[in-house]
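A, B, C and D are the chain letters, set down in written order, and residue numbers restart from 1 in every chain.
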Amino acid sequence: MKTKDSALCGLERRDFLIGGGIFLASVLAGLPRKTWPEPLTADPALIEDLVAANRILAALEVVDGYGNVSVRHDKDPNRYLIARSIAAEVVTANDILELGLDSRPVDGSDAKMYLERFIHGEIYKVRPEVKAVVHNHAAAVIPFGASNVPLRPIYHMAGFVGRGVPIFDIRKVAGDTDMLVKTPALGAALARTLGDKPAALMRGHGAVVVADSLPQAVGRSYYLLMDAKLQAQAMALGGDITYLDAGEAARSENFGGYERAWDLWKSKAMGR
Amino acid sequence: MKTKDSALCGLERRDFLIGGGIFLASVLAGLPRKTWPEPLTADPALIEDLVAANRILAALEVVDGYGNVSVRHDKDPNRYLIARSIAAEVVTANDILELGLDSRPVDGSDAKMYLERFIHGEIYKVRPEVKAVVHNHAAAVIPFGASNVPLRPIYHMAGFVGRGVPIFDIRKVAGDTDMLVKTPALGAALARTLGDKPAALMRGHGAVVVADSLPQAVGRSYYLLMDAKLQAQAMALGGDITYLDAGEAARSENFGGYERAWDLWKSKAMGR
Amino acid sequence: MKTKDSALCGLERRDFLIGGGIFLASVLAGLPRKTWPEPLTADPALIEDLVAANRILAALEVVDGYGNVSVRHDKDPNRYLIARSIAAEVVTANDILELGLDSRPVDGSDAKMYLERFIHGEIYKVRPEVKAVVHNHAAAVIPFGASNVPLRPIYHMAGFVGRGVPIFDIRKVAGDTDMLVKTPALGAALARTLGDKPAALMRGHGAVVVADSLPQAVGRSYYLLMDAKLQAQAMALGGDITYLDAGEAARSENFGGYERAWDLWKSKAMGR
Amino acid sequence: MKTKDSALCGLERRDFLIGGGIFLASVLAGLPRKTWPEPLTADPALIEDLVAANRILAALEVVDGYGNVSVRHDKDPNRYLIARSIAAEVVTANDILELGLDSRPVDGSDAKMYLERFIHGEIYKVRPEVKAVVHNHAAAVIPFGASNVPLRPIYHMAGFVGRGVPIFDIRKVAGDTDMLVKTPALGAALARTLGDKPAALMRGHGAVVVADSLPQAVGRSYYLLMDAKLQAQAMALGGDITYLDAGEAARSENFGGYERAWDLWKSKAMGR
């Protein structure tokens, strides 16, 4: 896992922009992107975590060139932060956009955006407790999304799977499509399938994972794919499998937000 | 994914050669390789992309020490560019040869060439819209090439699989061989099996993938193997599988040429 | 596998602390951690091996952000050494705590400790010949822990598997839990399931491996997961499998403590 | 794949020793290892290739901390070269020993040797055309060695598999053992099972591969495990599989000695 110098430069530049407040905003008014009508107001530490989350998801092979992660704005619950349309592995703070829950940039940016940002916006609309969303095409979850074999919680690292992982089949709500959740209506339909769960699979496409923090969203994304791998391996043995029961799965979630793993992952992703 | 300094040197040297035009061609007439009867005329940016494609395919494990990628000449549709016979991982601009559609070097080069270059030449002959060809032995596709279980499109990243992936069985056209497509006749037979499809498997050997650009040919090669992996995993679960239907598969292809992934892959392959 | 300079610094600092004896202990009395009521007394070479074991287990993917390894104190069999609660990959000598067999720090340290340290303490209590313990969530062993298909010794590198690998099902001793062995009673129950064996699986959780040295504990942890992988692959072939018989398995153990592999692993983990 | 400076130093030191001839031999008579009764006489280029082969096999995961490779002496067919007992990944020229076909060091060296060197010596005795031998525990071949499902040639890179891969079951010739081929008699028994084939599996243990050169022995070792992986995957699909027939398999071997792959592998293993 390697980091780019430019990423750190990006962070510094953002700190600089934010530190300068209104004066700098006027000085920089000539820059076309992300400076009008207002500078980014999110906590720089949150932006750093979002950059880290992007890189971690790439390093863990949860995402490849495609897939995205967002976090709800820390000061305004009606906004969320997400990168412009680039690969997660190379995201820097300068790539972060601030969007309203309608998934439009609040500053009038004309940066190219992820076609599927509505996955994020529509979930934030109906799940006020959700603070972070990951959309991915992780290899291990695709087979379960295409199969009628349900995902089950096989170990305590994935206790949240015990709440059930619904499958969103876009064909049932929109007929033949290009499979992309690229309209508010499709995002809202996905959010309805997700309901109050921590994760949903998307048939022929991938998965969406939500959580109350970036570390938990990243941790759940990783252990969702691990659970899928391990369940598939256990099934291949051909014997009887004992999954976590409902009580075990629920209690395993108390384990927390994957903080120890996040500390490790972030230190590696940010080259510290 | 690491890059070699020598590769960049190679690019610069080529830029230098091309920049110098006729004068340099006469100065360099003493060099035995690739300078007679004419200097390379392809766009240097295309050559750079071909070098990148070679390295990306190695980094993605689409090719190992064997396998090759070509691109149709940007100025002369009756020529294509391909490396001399070396491993894709270490190809530099200096290794690129310019071949006619008969797969002979146009400049009389005596460099050792890929035995199976006829795969490329014969496909370019009959598929004028094809601009790039990849031949590989990617592990995930070999089992499907040897099996009567058909490849199906399991997710939107591989929508092109929905058009069908025919299998070329060399035994049916040539009896017992060493499996190599090393004559124009065998290349033409493979091209006939490929027909108008984006990809074909080669029984007991590998695959061939075509596209209208290098990024798309590389992207299709990678997502063909991912599709094979994921379908095999889904089948192993033992339940019912819902593949993309014909409409979904076709619409997924509109998604484009894997540009975002290409940008990521190329920046890593070229060490930028 | 990379090492951190800070790790070497940590070693030096510890050597320094230990070398200074009582005088330094009084000078450093102002430091809140690990200096009261007595300095660490373990052999620095043992601490270095414990640091190496942590990093090796991470590099071999026996552990990820979670999982831990301990070693019995070389001078006091009623103590053991284990890192504070951090990821194994980044453990340095400064992170090593000295615990009694009740799994409480002997020096009154208030460092955050692994919740499951009782796995280690309770096994050391009842297995006096055991000198090292590894607890892990290695992917390959989870399926066997959740299945009624028993692990068998498929090759000589894992002859110890022939003694049988019991499965600890926490539900049977404690009903619905969060699956964690986080009390002395649960640790003792696990130790009873382990009995006199070299390893036990933990249903829905992971494995515990014991040995008479760190190299052997690390080696057994690695080859336990390899054995699980290989048995699963052999079963998938669908034919009849010949495992090591009891005599072969027992004789294979004479092979020793994986010293050659340990030498390789340690040199890489410590960057030498 | 990284290389150690010490390896290059080792090569230089050996060149130095050899270059100095008899004078140096007497000067260095005080050194206990490998200088009596005669200096190494093998071609330094062959020793370099043997060092490279060791590192390549480790990089390709054909061997881990265990496994070994030898080459027949270029000037004396009654000798072979093999490393002392260390992990292949860290072998340097200074680690190479010269053994007679009785697997004893010709120079009276007291270096610790591989317990299973008799695999090499006994095969060289009865297969005069064999110039290189690899013994490994490659993960992909263990399942086939323990199963009654025969290995078949699934693609042209492993055409030599078509000659048949016999399985050596040590239990049938020696009853319960520690599985190691650690006597001349066991080595001779393995050589009898191997017969005139290019490879044999060893039940509960690994494989042995022979060839007429180091590049071919390394290439066959790698593509033997690839063939095993791919056959297992193809079988898991559940359909009918078309393997190479006898003619195809035989013709595929004409393909040669894996020279292009060897060139790539060696350049990476030796850091050039």
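Structural remarks
Keep this in mind: contacts are C-beta pairs under 8 Å (C-beta built on N, C-alpha and C of every residue); 3 or more make two chains touch, one makes a residue touch a chain.
Note that the structure is a prediction, hence the values are computed from the model and not measured.
Between chain B and chain D, the least number of touch steps comes to 1. Between the contact lists of chain C and chain D, the overlap is empty.
When chain centres are set by their Cα atoms, the one at the greatest distance from chain C is B.
Superposing chain A on chain B by their CA atoms means rotating through 90 degrees, a value rounded to the nearest 5. Two copies of one sequence, chain A and chain C, touch each other mainly through non-matching residues, since under half of the numbers at the interface are common to both.
Distance from the chain A centre to the chain C centre is 34 Å, each centre being the mean of its Cα atoms. Chain centres here are Cα averages; for chain B and chain C they lie 48 Å apart.
Touching of two or more other chains is recorded for residues 236 of chain A.
Which chains touch which is summed up as A-B, A-C, B-D, C-D. Of all residues in chain A, only 64-66, 85-87, 89-90, 137, 139-140, 142-149, 169, 171, 175-180, 203-206, 232, 235-236 touch chain B in the complex they form. Within the complex, the chain A residues that touch chain C are 153-157, 159, 226, 229-230, 233-234, 236-245, 247-248, 251-252, 254-255, 258, 260-265, 267.
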